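Each of the next two complexes has chain A plus one more chain, namely chain B in the first and chain C in the second.
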Partner chain A sequence: MKKYLSFFKMRLMAGLQYRTAALAGLSTQFIWGGMEVLIYRVLWNAHPERFPMGIEALSSYIWLQQAFLTLFAMWNWERDIIESVKTGAVAYELTRPADLYGMWMARSMALRLSRWLLRAAPVIVLGCLIPAPYGLRLRVSPAVFALFLLSSALMLTVVCAYSLFVYALTFHLTDPNGVMVLSTAAADLLGGGIVPLPFLPAGLRRIAELSPFGAMQNVPLRIFGGDIAGVEIAEAMGLQVLWSAVLISVGYALMRAGIRRVSLAGG
Partner chain B sequence: MRLYFKFLSVHLKSAMTYKTSFFLSCLGHMLITTNCFLGVKFLLDRFGEIGGYTMPELALCFSVVLAASSLAECFGRGFDAFARILRQAQFDRILVRPRSLVAQVLCQDLRPTVLARLLQAAAMLIWSVRSGAVAWTAGKALVLALMILCGAGVFFGLFLIYAALCFFTLEGLEVMNIFTDGAREYGKYPFGVYGKGVLWLLTLLVPLALIQHWPLQFLLGQGPWWYGLLPPLSLLFLIPCVLVWRLGVRHYRSTGS
Partner chain C sequence: MIEMKGVNKSYRVRRREAGLGNAVKSLFSREYTEIPALRDMTFVIPSGQIVGYIGPNGAGKSTTIKILSGILRPDSGECRVCGLVPWEDRKRHVARLGVVFGQRSQLWWDVPVSDSMELLRDIYRVPQAKYRENLDRLTELLDLGDLLKTPARMLSLGQRMRCEIAAALLHSPEVLFLDEPTIGLDAVSKLKVREFILEQNRLCGTTVILTTHDMQDVDALCSRVLLIGKGRLLLDGSTAEIRAMAGENLSTEESVADLYRRFGI
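Let's look at the complex of A and B:
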């Protein structure tokens, strides 16, 4: 475990170097969030009765979504990993006395966390400064906040497990680009990136909530806004645990099979 | 211009060597833009209208912005990847060739994204035109063409500024995404929907509303005729863009690698 932790720390430090880029990304995210809120404000003023969730919950959802973007954004693929599999440089990694899956998992998590650490706080502060009901609502009970944190951690696990599943697929495909673009599109639509899941038509919404993508940003953001509560939280987090387990085991198995093939090919 | 098409055909040929991969990416990127459109559709199904606009009207607006930005990207893609060109000192090679600087940067690669977006913009435009949201006349058709062409001009200007800033920072500024990717994304709604502040900012500072919101009012029969003449005015924006670019080129120092 210790070696994975130190690997994690190493990547975290590396990620924290890009401070100017983070500053630039920050204002971008603030403006994107602002434009999004403006649209929903127009809709809220015209037809508040047709909203499937409260405007406060929705505003919190949007601001947190911008703040947490780097944690769950599917397009945050690690090109290095894909390239290493394609070129065969992965062989060097295989010589290390550590499991490849664990190493890549630590690496993916560290990269996302380091980007998030640099960007989240200012977006959250700015979001709080926006007057209610369009700002980030901070009045949450400690219990809800704890659940939010736990479910964020689960979200990160699901997202990284999914990425690793795609990286593992790379061993078996010549060009993973198609899978990656498709995953990005699916995660955007079914994960609540385009519109929050309650805004989807009923049938599609059900599919989305059960899919692995619905176990990503959807859960913590809606817990925080108070849009889901009680049993619904338990169900949603149960799905997060389930999808983590499924994706990790499938990804692990795929990688195993892939590595075996690599060694057969003679490296 | 001939040089540009020469470059384009070379890139097209190189893309065609990996046909399946190219078409798959095209399809994927089409899905991503369709997603964006689906978001609009879901909101419309629920609310009936957004800021007073209906589906065909929004489709018209979205297709204009999408077509304009993709056309600009088609020509200006090289500027988008400019940070990389600078860092790898490819710009030195460009400088020593006896051809126009801009023309050479113009065509650095051909991306499937652009093709996918153009196709989608065309599909939406055709659908919107057939749906009868606008009482078309020859004048209105001309205004529509002006919106797309001048829009491409404004987006091109934004790419140019983006690239020029790279001379000073040596890395791409993510902030510019607000105006390039962001403008495309948020241009799916007429800018007036976002409120007066945003509308005036995008009219006077970065004249995107001149190719979208104002002429659209004319097309929909909600504004006076001279709104239709506003798109060419937006091209004035290119003057400061070119000046910044010139300043950047003079400031250029090779990374020497």
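Let's look at the complex of A and C:
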């Protein structure tokens, strides 16, 4: 276990170096979050009765989404891993007395956490400073907060397991770019990135909620905002566990099959 | 001790003629050709030997190294390194193995080299005292000094290669595979690397397999040479024997080129 923790630590240290990137990302997130809140405010003022979520829950959703963006954003790929498979440099990692899946899982999680650590606090503080109902409402019960934390951890697992599934596919494809672009788009639409899932038409919304993408940001953000409760939380978190298990097993199997093929890349 | 007995390995490669028409055709039906990479490869290398594994591009050198590293599984044949079958007992096997691929890097690009070293220490579970001892020795012999505090991306190729070699030896491996370790290095760095490999072999009895196209590496380091071509072992002997085979007063480089021509590889 220690070696995977070291991998985690390494990626974390490497990730914490990029101060300028963090600063640039932060300002984008402030502006983006503010813009979204303004747009929804206009819609809300026009037809509050047609909103599927309360404006408070929605504002919290948006600010938390910005604060947690780097944790779940599908586009946060570990480029080095993809490059290493394409060029064959992965051979080095296969000469280590460690499991490749474990090493990559530790790296993926650390990459996301390192980016998140640098950016979360300022967005949360700013979100709280904005007056109700457009700001981030932090008053939640300890039980809800605990569920939020747990489902955030599950979200990270699902997101990383999905990334590893794509990395494992890279062994079998000439270029994984297509899969990556499609995954990013699907995660944005079906995961509640473009609009929160309650805003989708009923049929599509059900598909989204059952898909692996619905087991990502959708769950903790809606738990926190109070948009889902009770049985709905249980169902959503159950799906998170299920998708983690499915994605990890499929990714692991694909990787095992893929390692047998590394042979050709770069003689 | 490294043993290979009757090892065969072939790859399936997709082939088509040039041109748009053929590209479209290959969308529907693909033709695969079996390319034999190793044919009946057999050799034994006793512990403590430095062996040059040479042959033209595409001869099967990397395939052999990958099989011996446990990355690839051969189609048939037997193979043991220090008593273990590499691909069956991969983790235990690689724990005793050090590898340097000259054209790739194992150091993390953006962090100081010593961070990479500490990661390797944890991956190989090297005890702290042993790690310090090895790192101190390697730092002195390879003249690493301040390089350890420098991010890998800021190092010159020669500096980086010295760090790569140190990184491969932190866990005191019994066997070391060097795949073109001097490629692209200047004269001073080359000499330093060669000197170090000899020293490591003398002090620790490390078995070394060296693949290279640089015959001066072979002259300086290898007591024995395995020459392969088209996946077969063609010659097993000392550099002196190779020169003798080529006749006249040729350098090792010229002799090897002569042998490549003679074997038609």
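Following the convention adopted for this analysis, the second predicted complex is superposed on the first by the 262 of 267 C-alpha atoms of A that agree within 3 Å, B and C clash if a C-alpha of one lies under 4 Å from a C-alpha of the other, contacts with A are read in each partner's own complex, and residues count from 1 in each chain.
Heads up, the rule we're going with is that contacts are C-beta pairs under 8 Å (C-beta built on N, C-alpha and C of every residue); 3 or more make two chains touch, one makes a residue touch a chain.
Predicted model only: the values in this text are computed from it and were never measured.
Peer 1: Classify the contacts of A:178 with the two partner chains as first (chain B alone), second (chain C alone), both, or neither.
Peer 2: First partner only.
Peer 1: So, does A:95 touch the first partner chain B, the second partner chain C, both, or neither?
Peer 2: Once the two structures are laid over each other on A, A:95 reaches chain C alone.
Peer 1: State whether A:194 touches chain B only (first), chain C only (second), both chains, or neither.
Peer 2: In the superposition, A:194 contacts chain B only.
Peer 1: In the overlaid three-chain picture, which partner chain does A:27 touch, first (chain B) or second (chain C), both, or neither?
Peer 2: The first partner, chain B, only.
Peer 1: Go through the superposed model and pick first if A:38 touches only chain B, second if only chain C, both, or neither.
Peer 2: A:38 sits against chain B, while chain C stays out of touch.
Peer 1: Have a look at where A:76 lands relative to chain B and chain C in the superposition and call it first, second, both or neither.
Peer 2: In the superposition, A:76 touches no partner, neither chain B nor chain C.
Peer 1: Pick out the shared contact residues on chain A: the ones touching chain B in one complex and chain C in the other.
Peer 2: none
Peer 1: Please give the residue numbers of chain C that touch chain A in the complex, ascending.
Peer 2: Contacts found on chain C: 11, 13, 57-58, 62-63, 66, 69-73, 90-92, 94-95, 97, 99, 101, 104-106, 108-111, 115-116, 118-119, 122-125.
Peer 1: Could you pull out which chain B residues touch chain A in their complex?
Peer 2: Spelled out, the residues of chain B in touch with chain A are 21, 24-25, 27-29, 31-32, 35-36, 38-39, 42-43, 45-51, 171, 173-175, 177-178, 182, 185-186, 189, 193-195, 198.
Peer 1: What residues on chain A touch chain C, complex-wise?
Peer 2: These residues of chain A touch chain C: 2-3, 5-7, 9-10, 13-14, 17, 80, 87-89, 91-92, 94-98, 259-260, 262-264, 267.
Peer 1: Where on chain A does chain B make contact in their complex?
Peer 2: 20-21, 24-25, 27-28, 31-32, 35, 38-39, 42-43, 46-47, 50, 52, 175, 177-178, 181-182, 184-185, 188-189, 194-195, 199-201
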